[in-house]
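Structures given as structure tokens follow.
Each of the two complexes below includes chain A, the first together with chain B, the second together with chain C.
After this line comes the complex of A and B, so read on.
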């Protein structure tokens, strides 16, 4: 009982972390058909900005209640600024280009922003542990759990619900689904696709930054720390289906829980299981488990 | 007639060239500067707490030697009289990239020597190339024992002892301080350094405490992965109380943070062979009572050492960088000292500025004074250093507001390294014959 509960909780925590980041990636792909390698930059900048804000609060002995708002504001700030700049000045000029060129462009952006991090924040690691320390730990099935890490599950649930509600219950969500389904028809129907693109990209960027900002208090924020996450997020998106929001959720859960099981039972297979699942999905269903349907054009 | 004149001129020119080439063949030209590539992580997760402090340590010693302000026994100016012109380079990017950069240093930049390298993976990649290109290379920090146990190297030296001593000293400390703890496990990075470190810790525990038992599920997460929640759960569920780790860079800091907020260190005896950087980074928040090593008598464990050279180094480092030197600072500075020692020795023997071959010959088997002890290049055919390795329990010094350690034990090289010419694994499995531990 303790073992299975631990695996489940570990898996859920890890899946939550993956879901928040890969959701942004898959939304951007779903709407804009862009495989955004620069997504790792949003994550890294979100983490650094949150670390800086937490450091500022701590150094100036401000209220600890400001930690959470600081994390959220950091994510929004990074998402809006970087998302707008990249979409407006780089991607918008490339929408008619070959998809591979756009991937290369986003890779270039990723490298540039990695260097900008070093210029802005230096190479010393940031350890903004105060929010995680503040919340302490609780005992769950005989094992101590950091409360802060557990709140990640809550955050992912809120993000998933908000995403579902926004897409299915709001006018804006229906417009977005229309663009996902067919861009040309959407334009013909009078939807301002350019506006949809910029809002979508900023939304995806905020999610990427939120992942980094929220994880910052649990890790060493240092140059290059986003690279592994980008690779794992791509695995999640490939498993779930490029552009599928339920796919990102299921993909994250599959990766999170299988990885947790491997770490507990056969640690040496930790990474193997993740990429083995990805390979199997690619063989059996190359478009991913929940890829959105594509219209057939005549 | 014209032909005669031409012949005469040609003869004079040829004779002059012959004399000159004889002169230069016998000895390298006296030089004002030696150009040396110094490689450490300047970007990426290993830069902040490893690569940059390493560079800073090297820079202090290089400047002091260039200016002739270094204390004895390094108080003569220069390297065989020449000033060092260091070219600092970033170690990140992996072995393939580093091999390319190394070739560039040798073939295009025409350096006189290469010093540095932190990652064991990079050292394993660079070692064969250094021999192939016949470039004197002094590794400063990397620790995999495979470097010399798989093959002796002609042009490669390492002034840092290998991981065998770090792991055996950790096992000795556990056996000495916690004799009743019989179960152990580990969390180590999944590459040469991490695997070797745990392997030798496990081999050591089997020999020193024959009734101890290693976990069948030690953890080997990927390097720089940064998230260890699941691994901490798995280690917590494991009945083993002793947890060995050779984590370094941002990984040890991330692990420490995530384990701290789960009360992990209150329940386990955590043995970190190289986590000194995290102790300094977290300061008073770092838990007391962690078994901490620094890969020698350096960094955290050398703070109270009163050797004049050590006091000078700590003082200069604080003055210049407003921080205390970490393990890598010492390790890189130590490589520079070894290079100066060999250069000066070679020049003394040759009576003129030495050639590379003379420096290599001079560096073999040297015993050179380092900051806290004399280090012998006594293994790997005279190319591999051995030195003492210490462990202690972390203890924050509230009065001095600096991280420190208590109950420190130093294990001498004769206790934790096999005799020259013996493979570490064979020596340990044979019961470590001849080991002398105080």
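After this line comes the complex of A and C, so read on.
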């Protein structure tokens, strides 16, 4: 009982953070058909900016209530700036290119931004633990867990709800769905696809940065910590179905809980299970477990 | 298949290039440059394999699987059987990776485009996940590899260099022979239209499978040689996904016009990395990434297209 509660709780926490990051990735893929390796850069930059902001607040002894707004603002700032720059100056020139070339271009962008982090923030790790300290700890079914980690689950639920609402109930969401469904027809109907692309990419970038910024207080933020995340979020997106939003939710739950189970039961399999599941899903159902049905085009 | 292979212009240029390299390395080159050429040539084998796949529009984002598998095969054979002979090492790496490629090929040959890329990524990360956590394989520290021998004799680095060039020449000539055969000509046909190839009576999946196994063998051999010349294997620099990304990057940088292109590309990459590391140790990855973007935007045909233009080589002969 105790064991399963631990697995479930750790798995859920981990899944929430994977979900926030992968959601950005899957939306970008669904709309723009781009597999964005540079998503890791949004994540890393979000984490570093948040760590820097938290350090600034602590050093100047400002109010602790500023921590949460600071995290949100750094995520939005990073998402808007990096998202716009990458979309405007790199991706926009490549939309008609081979899909593999675009993946490689984002890989190049990822390498560049990895080093820009080292140049901007230095090589020493940041430990922005203050927000996590502030909220303290709590006992849940006999398990001592940080309240901050638990708010991650709350944040993921808010993001999931906002995303569902935005996509199905607002005008912008409907435009987006039409572009996902068929780009050409959308252009013919008068939708400004370029604008949709910019907004989507920035939105996805903000989600990636938010994942990084929110997770920063629970880990040590050091160079190269986005490398593992990129491929993990790829696994999540592939398991759920590339471009599917409920897929990202299911995918992150599967990966999160499996990984938590492996960590407690057989640490040697921690990474193995995740990618084994990814491979099995690709073999059995390449379009992903919850991919939207493909319209047959003539 | 091999008849008249030595009359082929590409093969002649390749052999001349390699001989020039050998002479240079034995006479003038300083040690560090010789190392760069050695790593470049070894890695070039893997690039040659990726180039084969690229010609059918298949891009593997998980070729580090075979690269690392070959390297670890060499490391394990040394640990458990004490094999240090360079010929055996190369053979073991090639055969091990080839067998793995043969098995996975049955699944992968049905996949195209982004699904092919993702599935090969998944397979390579499965191996990474195991290697990075397995204590008896050294986990993330990897394993060290003792210097190679040849038929029981000690092998100096100079002779290792000659041997690597020899392996490279053999591999490249076989690939050229393959490309000249009917099976090789199918490559581009499959890229153009798979259904027509099927109607002509060839099995597309079988052709892709054969090509996949060849590219796995090449990548495995590259890993084996790299392990032997570096003296060290570890998952982060041999099997992780960014290694696969690097390999694909060098493929694009080289271009796919000729069997020599991968080796030139890999050598240039090795030099870019060394110099970038020397001038700007904190920004070498950024320099590599910038080069990648520059190649994609300004030289989509890779370095070989530039060489072709300079020597006007493409107009006189039909380039393979």
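The criterion applied here is as follows: the second predicted complex is superposed on the first by the 298 of 298 C-alpha atoms of A that agree within 3 Å, B and C clash if a C-alpha of one lies under 4 Å from a C-alpha of the other, contacts with A are read in each partner's own complex, and residues count from 1 in each chain.
Keep in mind that, in the parts below, a contact is a pair of C-beta atoms (placed from the backbone, for glycine too) under 8 Å apart; a residue touches a chain by one contact, two chains touch by 3 or more.
Keep in mind it's a predicted model, so treat the numbers as computed, not measured.
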item	value
Clash or fit (per the criteria above) of chain B with chain C on chain A	clash
Contacts of A:2 with chain B and chain C, given as first, second, both or neither	first
Chain B versus chain C as contact partner of A:270, first or second or both or neither	both
First (chain B), second (chain C), both or neither touched by A:235	second
First (chain B), second (chain C), both or neither touched by A:146	first
Touched partner set for A:110, first chain B, second chain C, both or neither	second
Which of chain B and chain C A:37 touches, first, second, both or neither	second
Touched partner set for A:48, first chain B, second chain C, both or neither	neither
Partner chain(s) touched by A:133 [first = chain B, second = chain C, both, neither]	first
Partner chain in contact with A:214 - chain B first, chain C second, else both or neither	neither
Superposition clash, chain C versus chain B, among 25-33, 43-51, 115-123 or 277-285	25-33
Common interface positions of chain A, toward chain B and toward chain C	118, 123, 227, 267-268, 270-271
Touching residues on chain C, where the partner in the complex is chain A	57, 59, 61, 107, 111, 113-115, 117-119, 121-123, 125-126, 128-130, 132-135, 240-242, 245, 248-249, 252, 282-286, 288-293, 296-297, 300
Complex interface listing, chain A residues touching chain C	35, 37, 90, 93-94, 98-101, 103-105, 107-112, 114-116, 118-119, 123, 227, 230-231, 234-235, 238, 242, 267-276, 278-279, 282-283, 286
Residues of chain B defined as touching chain A within the complex	42-45, 47-49, 51-52, 92, 217-222, 224-227, 229-231, 233-234, 236-237, 249-251, 253-254, 257-258, 260-264, 281-282, 285
Contact set on chain A toward chain B in their complex	2-3, 6, 9-11, 13-14, 17, 118, 122-125, 127, 129, 132-133, 135-137, 143-146, 148-149, 215, 217-220, 222-225, 227-229, 259-260, 263-268, 270-271
